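Encoded as structure tokens, here's the structure I'll be asking about.
Chain IDs A, B and C follow the sequence of writing; residue 1 opens each chain.
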Amino acid sequence: MRNESKTLALKPRRKRTDVAITRRELITNIAKAGVPAAVGLTVGAEMLHAEEVPIPSAPLGLLYDASLCIGCKACEAACNEANNTPPDTSRDGLHQAPTDLNVFTRNIIKLYKPEDGSQSSFVKRQCMQCFDPGCVAGCPFEALYKDQDSGVVHWDGDKCIGCRYCTIACPYSVPRFQWLGLDPVITKCELCSHRLAKGLKPGCTSVCPVGAVIFGPRTALLLEAKRRIKNNPGRYYQDRVYGETDNGGTQALYLSRVPFDKLGLPDIGPESGPSSTLRWQKRIYSYFALPAVLYAALVTVIRRNQHGHEQEAHQQEKETGLRAQI
Amino acid sequence: MSTATLTNPPGIFPPAPNQNRWERAVPVYGVSVFNKFFFLLVGLAILSGFLTIYREAVGLGPASGMNDKFGWGIWKTFNVVVLTAWGSGAFAVGIAAWVFGRKRLHTLMRMALLTSMLAYACGLCLLGVDVGRPWNFYWVLFPWNWNVHSPMAEVAICMSVYASIPLALENIPPILERLWHFDVRLQPVVEKLEHALHKFFPFIVALAYLLPGMHQSSLGALMLLGGQRVHPLWQTPFLPLLYVGAASFMSFGCVAGVTMLCCLVWKRPIDRDVLEEAARITAWIIFAWLVIRNLDLLFRGALFTAFHPTEYALIFWIETFLIGYGGWLLLQSLKDRKLRTMFLGYTLSSVGGMLYRFSPTTLAYMPGPKATYFPSVIELLIAIGFASTGIAIFLVMVKLFAILPAPVQEWHNMALYFRARGPYSNWTKYFNFGFFGDTEPTESD
Amino acid sequence: MGNACAEEGAKMSKQPTIAEHLEASGVSRRSFIQLCSMLMVTAPAGLALTNKKSVFEIAAAIGKTQRPSVIWLHFQDCTGCTETLLRTSTPDVAHLILDVISLDYHETLMAASGAQAEAALRSAMAANAGKYVLVVEGAIPMKDDGVYMQLNSKPAVQVLREVASKAAAVIAIGSCASWGGVPSADPNPTGAVGVDSLITGKPIVNLPGCPPNPYNLLGVVLEYVTMGKLPQLDEVGRPKFAYERVIHENCPRRAHFDAGRFAGAFGDEGHRKGWCLYKMGCKGPVTHAACSTRHFNEIADCWPIGAGIPCLGCTEKNVVWKMGTFETVPIHLATPPDTYPPIYSSVGGATVGAAALVGAVAGALGGATYVYSQRFQSSQEAGAERIENARAQAEKKED
């Protein structure tokens, strides 16, 4: 009958005596040896290459002292001017009054005003320039990357696919996506790098009338913050600087009279998001060893099963007289 | 064989042969593609096409309910995270069949492969609509630019590679088969292609199990970076593992459940043994999964939050109930031998699994005290439209190609059906009576 | 002074240009240029003269212009608008009436009275018919045939009509002349109205205020003198350079308003700290005037709000005399928001349509599940029935 399948014409299996080792055995042996190796490699990855977060060579940052801020919002206006962004006048069509960070607003002044009339405070929110940023860890094609020297986190439009994972991965909810238009961008503070290149300071720190936000090398800012804490005992919340170790360390540092979480700065702890959550992901896939070994194992098993399956298919073909379906 | 010989109730010796034993995939014949339901699906698909053009024209903001705090809408969190998992039958059923040697499940493979192909294709197309700067996706071709630690990179790259290479190759055999029947002149080419496929079969199929294992788990790893913003009832380092587990039992529900439904609707015999095997496997996956999940909750000290009167606790209990009760119904169906119980078991556990996979991305995601998200009408219509496209294509494919399993007798019934209708009057072209020669015995034989 | 002007105006048939006039008066060129620089200084807030780039251009422009004749009529007024004119220095009123304009009739400033004054009016009207500018101060009573204000036994309305008929332009200075002012307050026993209710067919510039800032008038006059035209007016005839914005927009106490710091009563802590007077009934948000930027008497903070008194809205017909002094006004959308954004803003939300759609889809799928599960049941039962029947038949056959 014509339905005798020509497609399932199997090559006769090589007998053991033909060759020293069949392909199948070779793969099987690799799998047998490889599995322990891969497991060892994965678990030992921590020791083999330290999962350290690379610290930039000369990190720059901001120190914002909420107790000095008067809420004049000059920094908001200066930021728009420095970055050549139109102001966000969506609220009344006339005045720049954004309610949150967005495509037009790279930094914003918000007010914490408790209902019971206790101490209120302004807070300036912008990119924290973390040492181990969640946005950089999550970005699939490294459109968000951290400068090795200044530590500033930049966005590269040529690589971004607009997946918005950075908006989810950032614990401070900083990167903002442009929801209108055909060429949407991700906007966030980049510490006015274009101004730094010209020897100028970032827009916000250049105009702050009371010096609530200042710019400088992170080490110097940290020293200054600690000096302020020492000279003003009891003034600052918990006598500590937010960002010194929070989220693995950030380059934007905060001092405040009121609790940090009231200002929208979450209590994350000293481990950064990526290091605490992607640890196993990194280990399992390191050098792609485990996947490769798994693949070899799968091939071996499937070949064995395929052999049996084909025999059954042949049998059925003979019984039914119909062409076997693979 | 006398038609009076029927499946005896269990316990009666000797066990009667399974009259409905699925041995072969047979196209759905005698049923027109064009009916009201199909037109509804096509209508929804066309509507979503127009709305997609609108989304491309104005941007994501007006076309969806996504906002600065909820950057991901149902296109990603449902059509990709949930529906591709539900449609990952090629992975779960395939592994059960090819790696664990459950031979009876081979008859379900073509259904599994087709549903997977459509779920992934529709999900990935919608993903292309969802991203804001798709023209930069070409970076996927340059591995040295990948951020290998990013779960998002893993998902995007792995799913694209999987859908376009192994899954597509696995879906070719039914098409080749039909081409073989279609024209004698094509047969040498078809046979050569089939031979090539056969030769590389283990390598393709192993890849087809490795890659989904990687990306279905990475879909879970995505929300790991959500950190404290995902409710503790869901946020766990085991999220990738639990996601793969959920994908497994959900996809069994899809494949077995959809096969049952198709057999019911198009009046095809149902092979109890295959379904019972599938149900057994699914139930055990479900219970293992529930144990792992709840132990994890217990050891992380998060289980007590399930007893707080919050909406998150409610979602957790609904999930757990649906999955657990679904699994119990599946086991129950093995005892009471009722298809209804089995169908409900698959449905409930699938819906529970969908809810589980959906929750950490949206329902249990808390980016801020006053931030909420609900999809807009356009967003919903596009999501529904893409899913409808998948279903519509499925309906066409099962009628064009041999996908749905059936006893061998069904193949002969099909031949007789087409013989009766004469040459040129059928459009499956499995049999060209009187033109290229008879290939099937006639009734008089 | 006024007498000399009147006589001069009466004697000369051909008016000399300003340059000629100054030369004749013995004013040196240097003083003239100084005058012109004064006129340039008056150019803040976008007055017309700013399009002249140098003093000498102004000198050239003015030099060629003839001093326009101005007739100033007083009706139901308090003379406050004239008084306010005395508190200027660039140019001061002396320079104004001697060198820039020819003030041919002004009851307060002219030396003449009685028949002489009337004669001056007549001759000024005759000599400059069609060219003089009429300035009106005070409201015009209309009740009882206008008997409540008469000039030389003629009702004010009649005088106004007569003098305005030959005027080139009319300037209504003060709220009284602009829309009725104080005399028109409830119950308005004299039926007082403003100039533009009575005069049509002539360009009318309203300068409401009680009194208005004198520079409002000076700006209009100087633009007219140097450019030959009146400034851009809004829909109620007020020059835009002075009345386009409300007090609230430029108020020095605005920061306190934006931050929510309000004075509650005279002398309380907020009042003493100079906080916003909105809650005390300040009408700044609804009052069009330039007082918040151009204070009075050329002294900083010499204006009501600066002195701690909530603005009464004296330029606005619907505000002053209509609203209570301490009654607060609504803030319209045009003014910026008065709060900072909170730490967490609300974002996102469901629409009815979307919720309905989700409900519909969920319902459809749930319904379908139920229907098909029932069909499984019934098909199985049918199958079981068939089995039973066949078994029974088989058993029968075997029997």
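Here is the rule we use: a residue touches a chain if its C-beta (ideal position, glycine included) is under 8 Å from a C-beta of that chain, and two chains touch if they have at least 3 such contacts.
The model shown is predicted, which means the values in this text are computed figures rather than measured ones.
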Requested in this report: Report the most central chain, judged by the distance from each chain's C-alpha mean to the global C-alpha mean.
Outcome: A
**Report entry** Most remote chain, CA-based centroid, reference being chain A
**Finding:** C
Query - Pair joined by more contacting C-beta pairs (A-B or B-C) - result: A-B
Query raised in the report: So, what's the distance in Å between the C-alpha centres of chain C and chain A?
Result: 55
**Report entry** Gap in Å, rounded to a whole number, between the CA centres of chain B and chain A
**Finding:** 31
**Report entry** Distance between chain centroids, defined by C-alpha means - chain B, chain C (Å)
**Finding:** 70
**Report entry** Touching two or more other chains - residues of chain A
**Finding:** 100
**Report entry** chain B: positions in contact with at least two other chains
**Finding:** 67-69, 368
Query raised in the report: At which residue positions does chain C touch at least two other chains?
Result: 344-345, 347
Report summary line: Contacts from chain C onto chain B in the complex sit at residues 344-351, 353-355, 357-358, 361, 369, 372-377, 379-380, 387, 390-391, 393-394
**Report entry** Parts of chain C lying in touch with chain A, wherever the complex brings them together
**Finding:** 259, 333-337, 339-345, 347
Query raised in the report: Which of the residues in chain B end up touching chain A in this complex?
Result: 23-25, 56-62, 66-69, 71-72, 98-99, 101, 103, 106, 110, 131-134, 136-137, 139-140, 145-154, 156-157, 173-174, 177, 180, 190-191, 194-195, 197-198, 201-203, 205-207, 209-210, 213-214, 218, 221-222, 224-229, 237, 240, 367-368, 402, 408, 411, 439
**Report entry** Footprint of chain B on chain A - complex, ascending
**Finding:** 2-3, 6-9, 100-102, 134, 136-143, 157-165, 167-169, 171, 173, 176-184, 266, 268, 273-274, 276-282, 285, 291, 294-295, 298-299, 301-303, 305-306, 308-309, 312, 316, 320, 322-323, 325-326
Report summary line: In their shared complex, chain C is touched by residues of chain B numbered 2-4, 6-7, 65, 67-70, 260-261, 264-265, 338-340, 343-344, 347, 368-377, 379-381, 384
